[in-house]
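As written, the chain order gives the labels A, B, C, D and E, with residue 1 at the start of each chain.
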């Protein structure tokens, strides 16, 4: 079955093609095409994984391009790492497909949505199966494209269009670094194949500076894709996309590709301590800053988005501190519980008529039992509560940060872990406990800067909007979609089933690398790749981790459930910090001022220059030629004696010329 | 005998007088007359060369005969044109005839 | 100073002065007459050079025919004695003068820089010699001038012809 | 044999034009179909050539030589042939022209003339790509001026006269410089062979310049001057900053089909000429000026992109994007590696398809909305979703998204530039990095344009616009599919190009 | 060999033409003064063709009458060009005179024939006097022809300007010639040429003056800058076929004598004048083209275009001492090309401007809609004049370009080609009017008379055929030994 692994991405591709061409006739039934394809892929992935465990790495390639003596090939490869990733991606994708069946059912372009999802799944799976880093890059870009398309799915919302562009462009910056890194690497090794690259690095064929350069350039790609500081700004905005998309792309799979990239290029990073340090610090800083911002966000999806960034930071931190398995393990577990959280949020949003502001929610516990419980599981998992998945992976990350010997990194990791627990439960308590606050104030928080730097007043009710200009007769405003005062209630099985699946994964996924069982995942992943020895924490670390998580949960409980500490306590204590956080450290503004505006200004300047100088010279030559002609033509004044005179003077000049040529005048 | 150079110099002077006339006189008849003077100066040259030049022979005189013929023909055509023009425009002032320009 | 030189100077002065007068006089008839004087003086120079035949032709054609032609031209156009008013083209005048003077300077410089021997006795061409050349060596030119005259004649007649209906 | 398949290919469109000439202008449908058939046959022939082309074989294929005329001791030959450099461009030419003819079926104004000129243009372009005699090359190069002048001047926009004359004079000047250089090269070669041999054949010329009987004639200064002159000549066509200003005018004013051909093929003649004549005959000089070429390439990339970023007219945005993309060609050439050179050729082909598609989309949008001003557009995804979708796809191809042809050329060019030898291109890395910035800018301006035109709320006035007509699918799908084919499986192109590229690069010893 | 025992039968074509010209004139005399006489025009064309056939068959073996009249291949080709050119001019005239009845038709044709005779004498003569007489026949006939629309103010004014300036130019030529004669005692160019080097060494200044005075005069006749000022005015004022005659036949004949004089007389001292000619060629090309840029009057525009073309033709003259026969080939080939494209263009211009009643460029507006064949032909002529490929003009220019480069005058070649590009502007301005501008008031179809159609078709065919297969002519040229000098 492992030879047929190429079918895994092909199923979604077929789904995409079917939907592209006949989707418009299928309408809502489009979802079943996608679901079927993903189901097949998932089954195949499981089979491939089981075959791979205990099997060999399988590679199949064909020539892709030849230049000179060099050939780049393309194909697919099943390694332990990508066998694991296949499961994660196909599973999450499958459940997201199922979830979307309900969530998107009244969108007129549902077939396009599923087509996009299919193409995304294809790209992501292709990325994973890539036998060389160039193919990875190709699919890496494709997933970027799909992210762009899906974020901009509701293109008629200006915010969505802007967010899509921002997402693409920001990651593009990283991608260019990645591409350059890859090209330099290629010119050193003559190949893009992982095996050749590993061999070249380990064989010392590349000098150290160059390795560092290459590694850092490649890491730029990861920074962009995995929304690491300072290129993280796109991810929160990407929440303009439909929630299932956020779950699939911006939580579980695509954003993790950066981590995956560092994973597959790990020998290269290991060969450069500078690069490792940079990676570690980037991860740590990202984890910390994202977590601080997550503390104050009021949009349910944005909280989750910052949480995602923060968790990705954790993974990067792990990789940067030699915790190869830790990072990838967390990648897997995170995929499940973050997808769970997002889908839970989606379920909530759907139930409360497309509101996203947590201040408009509350008291959903009783009304949406399954959603609430699964969401709680997710929250506990991400907080690292024993024995859920997050506990195991986070503990390993803390271990690798600690054992790396840099106390600062470890401290940050701990603080972040604390904040993680706090903001997750802040979210949980605000959403599911207390009284339901929705339904009677449409724009209560319209002018709240916490909503969006873009000032989009309708974000809170923006998810799954309808374009006003479409089909005037069937027009229904989002708020009137369901009866306005109808209180939220649990959604159908299409939405709850995925939650249950993911919740169970969030519970059990951590067990694949149980210390008691001798870290089976570690054994699996480190097979055939030299990533150094993996750090393992001692028992006390697990308790510290648990304690930190507990403290965070307790504080959230005190503030948002019990109310013993005022919700505004910290905000009022340090208003400046609060404002800073609410405005996301003003990074968007800074980027606009430092990069966007000057670029446009330079462009304008060049344009003016182009018109006035470059083209101006051209036109000037033309005009001066013709005006010279006109002036000279005016000498033909109709006076024959003038003509004669000109001729005579010309004759004299010619005589003079003759004398000069003869040398009469010296 | 008079040195040939003097004849040539006289011819040059007459040529330039004629040329000056062509370039500055406003009466068209005089302009045509000036051309005749120029052609005459050429004749002086030719006859002088023919008579006392370094290679004196008869060809110069024949040449001058032809020039006289041509000058006559040219004067005839020139004056005919002048008359036609005068009929059309009622002026023989050179300056007035600048309809064709630019 | 030989008699020839004296004659030459007198004739040359007449030629030059009358030519200048053609330019300078105000009355058109005076100018045409002055032109005739100039031609006459030039004919005299031909006699001086021993080219009698050319001299006679010069008198016949230039002084006789062409001058008369000019008189006709003058009469048929603007023979009334009106001036053209002040010349608006001062620059033209000045530049023309300078240009022509320069040209004259160059020409005279060229002429006087020639080192030509002074022939003591002029070559005297007989009419027969002229005839032989004309009907022999230059026969094509002779034929050509016939057509030239025909063409000029036709052209002049056509252009100068006054239409009956005018 | 003079009448070989290449000759037929080149002159077939002319025959078609002559047949069209005889048809009364009222029979527009006959004329349209005749034009389509003619170009279609040319396309088929070119595909036959493609199929029959022997991959991996060095040297020319389908070559033929016939004496044409001689001026004194100068023999001008009809010498044509095919190699891995010209074949892709020939196929590009026939494809783009055929699709442009399909794209112009909506033209109602003076249909007969339109197709007449288009077919004449096709002959000129094909001739440029097959000609191996420098005189013949120039002749065909010049021949393309007139039809394009008419296409812009008659069917163009508001400023058509300015644009057509600017095109004519500017590129005419380029041709003139080229011709002068050719003559100079000819005489230098003549001198270098001790006045024993005269030739206009590019092949022979290259040999002479590589191995002259009298090397004193061909000093470095002489060859350098020749190369620079050639470079300027082709730079105008390509176009290279600062000789680019005719392009935006011409593009903006030209009708859609003409824009497609202009961007798709005509610019390529500059790149082709630079490789064929500049690098082919004067490889050492090309290498000597590699830094200059690369610098201009980088300037083109950045400058074009920055200007595209601030354009207010969609079509001129695409035009500036062409300038930007042509920088990649220069960069690829300047690297003097197989990868870079192949990247340059890939970019020529790929940009041919992509820019033609972009111009087609802009034209289709303009036809419906009657505006090209970006700020007046918006929400087209709603009113004309299929057009908007293809526009987006074209933009993505232009951005260099993997899986589409643009990526391959950029990748190869980057591999080339970062792999360039330090002797030829000391500052290669700097150029490469700056070019990388250009890629970001490319994404920026294209996505921004897409955001402002196809995204956003639908404007009232665009309600009820007709989406793509069946006939419009032909160029849209055709061009996009080709871009995808090359992007997904570039081997199809690289195995044709590779041998020739190795040959070219080997002359520099790189 | 003297003139008396020469083979005068060599003169048959000239004599036949003269006789036929007189016959034409006589017939005209007998058929009254006024009225349309197209048969006379046709007879004239016939006369010219008969003469051309005679030239082709009587003169092809070559020969000479003494040393004053040479029947060499150079003269033969020029005569053929001139005869065909005049025949085409008369064909154009047929239509023109049909529209302008005040022109005396019989006289018009006979004077044209006389002028042709003059041109024929010019190109054959190797003697100062014969040459001068030929030149004057041509010139004086031209003066008259220009003024033939005698009730038309422009025509007479043009004739006046032409006659005065032309007369002065003749005086310059003669003054220059007088020194050639005086210092050699001969009027034969061959003899003069033999002693020229010593002559120049002895009398440098006066010979330079002589040379340049002749150059001024000839420069006037072939209208090169700065002696070109008359051309636009005269071209504008003259009846259109006469303009065509001036710009083609006069100019080509003028080039013939320039070549004759400079090769026979001054080749030995070429270092004295090559640079001057080259500079004049450059100035002529630049100024002619630049002034033409803003012209709006078709005939004036053609005048400036003709000036520019004269500049191109002057380039091979400058290159002549270095490349010899090659240069003559170039001039003759370009002359043929120039003849065809210019006369073709004038045929169209004559028809269109007469129809519109104005010489303004706008009379060409929308010509394509009105008469497609006319517009396409005109386009070919203009494209050929501009020197774009597949036309005779292109080959001719390329030819000249090669020659200039071969003579190490690359700078001149560069000016030439750059100016060609500049010329695109005004030539294509014409094309723009025809194709891209809507017709003005008058937009009905334009009928093309048979005679004009014939001219246009011939010109079109030759322009294209020579553009594609130039060797038809070049191969013939290559077999000629032009003057038996090189």
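One rule holds in what follows: a contact is a pair of C-beta atoms (placed from the backbone, for glycine too) under 8 Å apart; a residue touches a chain by one contact, two chains touch by 3 or more.
Since we're looking at a predicted model, the values are computed, not measured.
Hopping across touching chains, the smallest step count from chain B to chain D is 2. Ranking A-E and A-C by contacting C-beta pairs places A-E first.
Using mean Cα coordinates as chain centres, the one most removed from chain C is A.
Distance from per-chain Cα centroids to the pooled protein Cα centroid is smallest for D. Compared with chain E, the chain whose C-alpha mean position is the greatest distance off is A.
One finds 31 Å separating the Cα centroids of chain C and chain E. Chain B and chain C have centres, each the mean of its CA atoms, that are 5 Å apart.
Centroids built from CA atoms put chain D at 37 Å from chain A.
Look at where the CA atoms of chain C average out and do the same for chain D: the two points lie 70 Å apart.
Multi-chain contact residues of chain A (touching two or more other chains) are listed as 633, 636, 638-642, 644-645, 648-649, 651, 655.
Residues of chain E found to touch two or more other chains are 129, 132-133, 136, 140, 143-144, 147, 150, 156, 159-161, 164, 168, 208-209, 232-233, 422, 425. Of all residues in chain B, those that touch two or more other chains are 15, 18-19, 22-24, 28, 31-32, 48, 53-54, 56-57, 59, 62, 66, 70, 73-74, 77, 80-82, 84, 87, 95, 97, 99-102. Every pair of chains meeting the contact definition is listed here: A-B, A-C, A-D, A-E, B-C, B-E, C-E, D-E. Residues 68-72, 74, 113, 135, 138-140, 142-143, 145-146, 149-150, 153-154, 160-161, 164-165, 168-169, 172-173, 176, 179-180, 183-184, 186-187 of chain D are the ones that touch chain E when the two sit in their complex. Listing the residues of chain B that touch chain A in their complex gives 19, 22-24, 31, 94-95, 97-102.
Those residues of chain C whose C-beta lies close enough to touch chain E in the complex are 106-107, 109-111, 113-115, 136-141, 143-145, 147-148, 150-152, 154-156, 158-159. Against chain D, the residues of chain A that register as touching in their complex are 63-70, 134, 137-142, 145, 148, 152, 155-156, 158, 160-162, 164-165, 168-169, 172-173, 176-177, 179-180, 183-184, 186-187, 467-470, 599-600, 602-604, 606-607, 610, 614-615, 618, 622.
Residues 166, 169-170, 241-242, 244-246, 303, 306-307, 309-311, 337-339, 342, 379, 381-382, 396, 401-403, 407-408, 411-412, 414-415, 418-419, 432-433, 436-437, 439-441, 443-444, 447-448, 450-451, 454-458, 460, 463, 489-491, 494-495, 498, 501-502, 505 of chain D are the ones that touch chain A when the two sit in their complex.
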